[in-house]
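Consider the two complexes below, in which chain A is the common component and chain B and chain C are the respective partners.
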Partner chain A sequence: MAGDRAASIDPDALSWYEATARQRVTALVDPGSFREFLGPTERRMSPHLPLFDLPRAFDDGIVIGRADIAGTPVLLAAQEGRFMGGAFGEVHGGKLVGLLRAALDLKPRAVLILFDTGGVRLQEANAGETAIAEAMRAIVDVRAAGIPVVGLIGGRAGCYGGGGLIAGTCSRLAVSEGGRISVSGPEVIETNKGAEEFDSRDRALVWRTMGGKHRRLTGGADAFCADTVAAFRQAAVALIDRAPAFDLAGLEAEQARLAARIARFGDCRDATEVWARLGVNDPATVPGMDTAAFEAIVARVGEADHDAR
Partner chain B sequence: MTEWRGERQARDARIAAGRIHAAGKIVPATAAVDLLEAILRPGDRVCLEGDNQKQADCLARALSACDPEKIHDLHMVQSGIVLPEHLDVFETGIARRLDYSYSGPQGARIARMLYGGQIELGAVHTYLELFARYFVDLTPNVALIAGVSADRDGNLYTGPNTEDTPTVVEATAFKNGVVVAQVNEIVETVPRVDIPGDRIDFVVKADRPFYVEPLFTRDPAAMTETQILIAMMAIKGIYAEYGIRRLNHGIGFGTAAIELLLPTYGEKLGLKGKIATHWALNPHPTLIPAIESGWVKQVHCFGSEVGMDRYIRERPDIFFTGADGSLRSNRAFCQTAGLYACDMFIGATLQIDLMGHSSTITQSRVAGFGGAPNMGSDPHGRRHPTDAWMKAGREGQIVGDPALMRGRKLVVQLVETFGDKLVPTFVETLDALELARKIGLELAPVMIYADDVTHIVTEEGIANLLLCRDADEREQAIRGVAGYTEVGRGRDRAKVEALRARGVIRRPEDLGIEPLDADRALLAAKSIKDLVHWSGGLYEPPARFRNW
Partner chain C sequence: MTLAEILLGLFPDGHAVAVRDGLVTGSGPFGDGRIHVVGVDGDAPLGIEGALTLSRAVLDAVRAGDVAPILVAVDSDSQRMSRRDELLGLNEYLAHLAKALLLADRSGHPTIGLIYGHSAAGAFIATALATRVLAALPGANPSVMDLPSVARVTKLPLEKLQDMATSTPVFAPGLDNMVATGAVHVVLDPGKPLPGQIGALIAGMQPGDVRDRLGEERGGRPVARAVAAAVADQARLG
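== the complex of A and B ==
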């Protein structure tokens, strides 16, 4: 049965959704090229969690380091959604911010962020919120230095809260069907606005509102991948090469695009209405489509591809 | 002069009273309360159909809206206490006495009401046992049932969820009772006749389709590696060992994991065609990969499962279907099949004590039994041999003339040593005993009695209780697989090792299983979406199970 375990790091077979952060990193980059910074042996753990009698992780739930992808040097960070929902704490956030700042000196071809997070860790909220702000600031600096920052989203925890904000500052995003991108999570919306507004137990509703297909169709993400590490690798390589410039014209175009979007879709009550207005003939069938059929739809929808970001 | 037709005359009077509210047999939902008030009499025995799956919910709402001045002191004899209305009628006095079987979602409230004396309890039954009593001493005066559609003559189509309906109707209609069916629609011609119209007295056109709970859907995405390890042990140490072909699975994640390991791990062990071919089972979505890869020959179902209808229609070689193409389920027959024609029941439980008694009762909940105690028992009326049954019989009985030996049904408990929220599964004393004392039950609600259990499988190993020769061995065998629970840590190490040497206890390594191989990569489907793909798009999961 040893062969099965070997198969579990085969990029073609390994499900991104199922994989751990370390499995994703190992299978994503060129074999043997990953060098970790502040790895688990250094035990940089959360100073706050013991106060709450909570277990800590030796890497505080994030793996950072350098590697080659298709022969090109990159820096990358991967959040571990299985540890505290991939949430940002002081050390976790510090590692991401440090990696981004190091990019200014190391000048990699790109920085990859493998998001898998519910947002900020409640037990160390101030440090987490600060880290979100610092990470966004650092991404701006990195992008201004001409280094693309590419987010990969397809983990179990999705990309929520501050993670959703950071994703918004990236040059490009790749997402899978299981991936979700948003700020407030389904339960938070339901708690504040009621189940009539958003029923968090209706998982089909959650995914068609926040899931990968919706984000891709509306241009919130720039690539849609099958749920394998190989597909994410292919998307990452392609997106690095297609990263937009980071300048005032780009930001103004993005602002205009978002304003147009709210004007066009602001009164829609369901994602299927948005898709219908985008020109999708039979919106109800979108969630059931396989990757190839969905790509064909995306190719026909003008909204999905733009450099305004 | 003896009156031999009193019941018949009373029935005729009820029907005449009900006809005032009907056009022929058809009654609009708005007149359902009037109809029930016309046909019911105080003190009636009433069967309000509903089990762990479909519910005659429109009629349940109507019954709870009846005037307690007119309708009171009913004796409810029904499979399931599932909807709030099922208990509301006891609060208002419409009903007083209760004989039932299953009360999953209402378990906490029913416990409070029993304790508060609002319900006069007859007994908590298994399904089959309650059905049996419908024909002996709990025959309903009025049955309120649910179907998909009916024609104007009352011919009833129950659709894939036939479940208890034929049994309830049989007992009521042929013993001078009145049968009222709620249906989703009135049609010119029903797709097939599940219940002939002359057994149905009134048809209520329901305000909305009857509710069905998707109780048998387990999301592969939530399966853990511990559950996979336990499933591997069960397949190798029990299914393969005894050559189990005819079986019933419980509804837990452990047995769902077994279903998903058949086409992968089972295939690798060369077991295809040798195990798990004939089933008494609801149409579990997690069985789809095994069906599609040719493992499964035949499945008879208690009820249907939400979202499986199209798939079943396209697989008539596997399932029992009607001339119209849709599933024909039947709870009474399937329970009988599980009892007499299956060689193994395997399922989970919440608590197991030192003797092996098990219960799903916690201190504040009375969940009832449903079908598990019936599936999970050794039928002493069985007379046909199979290799699995005979092998278990030989293991359990080492003395006497072999020709006088009887076989044994395998009854396997598949549990993690710690359950939800790290509550230990193994306990010194079942909570059921304390509950029975508190609410004054004569019998403690034990799901499966110790003498019926043959094996317990946990992540620590398999305990074969058939091979235990006395109570002490049995206790140590149970402690020996109870992991780090208090019960497990209380083991006598030397005795446990001796049991292991005899093969009474077997660890993963004794079975040639490497725990690190218990990987989610082994699951034939890792998500509900994968199940949809396996089904060729025929399985249509309900929204709450979708993440797309």
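== the complex of A and C ==
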């Protein structure tokens, strides 16, 4: 049914931002290779949402399973940003944690996480928060076993809250222009600190502070993709092959990288100031650049590519 | 208990633990060796500089190669909420701190969280929740979000949430609920000496992540463990 129809979608034409989690998974991997774990027919739904009179989803907003990508076996998880903002509830988190733990047994070539999340689901906040901590521990275990964990970020809900921390634990990240990575979201900062600190209605400000281009230029992400499933597939295959190890040397390098970022950009108020210091000639034009022009800029920025994760 | 009382209880013969700008770093004598202490005090928010100071201390401990325990003492606010922190990539800094603690654990340092005050959201995940065993002192107040904020976001009346919170540990703030969820392993007895209680936690550490099993046994997270186990089963069967 839906899976067959999705399998016929052209990955070159399918917008990652607009696609559902199932459409992304189906078009991302080799045709017909996806096998879902705990699929919707098993109806593993949230035991908590009915208390809040809220509708449930048969998959609790996350699709997990195994597949091949370019002929190599991977495990993957895809969050559905359209259900409860892709937020981590008890079942949702348990599925991701279970998948990561299974990777230690199955030893796939990589684990892919298709982030699309506002963070913790507040109706199940304690379970979501704890699951995020469990997922981070599991990712470290998987990486230490030599299995890359690659995050793909370009969905409607972005990658916020604890999702941002999980992303920061991955071996590699690919991001599109629409993929925002942040801990506190714009509305959260505005609610707590006022519109003078962050005007959440200023969408241009949101994109250049948390969006994919800024993260890519500053080394927060390792690949920049056009908003198509085909572009994310290409990035995922490439990033799997150059994932850094998880060890003391890598974390020392990350410590130095993050300290250097504060030293160099700590007094910047706006992303355009950061980009200017990175050597971008006309920073105001960055948000409007197409992928090819942006890639040409990235190629000249030393901070963008590194193994310090 | 205050941090000063905790340090006095842990190190009656003195210590080299300092608090600066709400950040705790140092070490003190413990058993036949030493114990490292890092943390956040005074309900301070954790921003990019603070996270980097703590991760530096943790990585120094790993580099020393002494496999001494690391105590992560926490009375913090949430992550620092600011445009600047997010502009500079706060998610990377907080994840880096958590990774440093997880690396230390993998490298043979027993890591013990000790929450004695507040903590919330990203700061909680990057510190106390990145340890192998998380203990609490009575009066600690971990949370994801306070109930008035939950009411705002969920558009439910505060009175209804307060009523639900008495019977539903999965969403409500507070220590008891975090214990029920399995995030907090144990609540310590402030009337007994701390070194013995911390030492017992280190001696009793189990491999793997036991938090979902604790959450199932205590009823605060009834299905997470079974869900994760079912995923592993189906993955094995292919």
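Criterion: the second predicted complex is superposed on the first by the 301 of 309 C-alpha atoms of A that agree within 3 Å, B and C clash if a C-alpha of one lies under 4 Å from a C-alpha of the other, contacts with A are read in each partner's own complex, and residues count from 1 in each chain.
The working rule: a residue touches a chain if its C-beta (ideal position, glycine included) is under 8 Å from a C-beta of that chain, and two chains touch if they have at least 3 such contacts.
Because the structure is predicted, anything quoted here is derived from the model rather than measured.
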item: Touched partner set for A:43, first chain B, second chain C, both or neither; value: neither
item: Which superposed partner A:203 touches (first chain B, second chain C, both, neither); value: first
item: Touched partner set for A:15, first chain B, second chain C, both or neither; value: first
item: Chain B versus chain C, judged by how many residues of chain A each one touches; value: C
item: First, second, both or neither for A:306, with chain B first and chain C second; value: neither
item: First, second, both or neither for A:213, with chain B first and chain C second; value: first
item: Touching partner for A:177 - first (chain B), second (chain C), both, neither; value: first
item: First (chain B), second (chain C), both or neither touched by A:287; value: first
item: Complex contact set, residues of chain C against chain A; value: 48-49, 52, 55-56, 59, 62-63, 79, 81-96, 98-100, 102-103, 106-107, 121-122, 124-126, 129-130, 143-145, 149-150, 152-154, 156, 164, 168-173, 177-178, 180-183, 209, 211-212, 215, 220-232, 234-236, 238
item: Of chain A, residues touching chain C in the complex; value: 35, 37-38, 44, 47-48, 51-52, 64, 66, 75, 90-91, 93-95, 97-99, 101-102, 105-106, 120, 122-134, 136-138, 140-141, 144, 161-162, 164-169, 181-184, 188-189, 191-193, 197-198, 209-210, 214-215, 218, 220, 246-248, 251-252, 254-255, 258-259, 261-262, 265-266, 268-271, 274
item: Residue numbers on chain B that touch chain A, as the complex places them; value: 514, 516-517, 519-522, 526-527, 529, 532, 537, 543-548
item: Chain B-facing residues of chain A, complex; value: 1-2, 4-5, 7-8, 13, 15, 17-18, 177-178, 201-208, 211, 213, 287-288
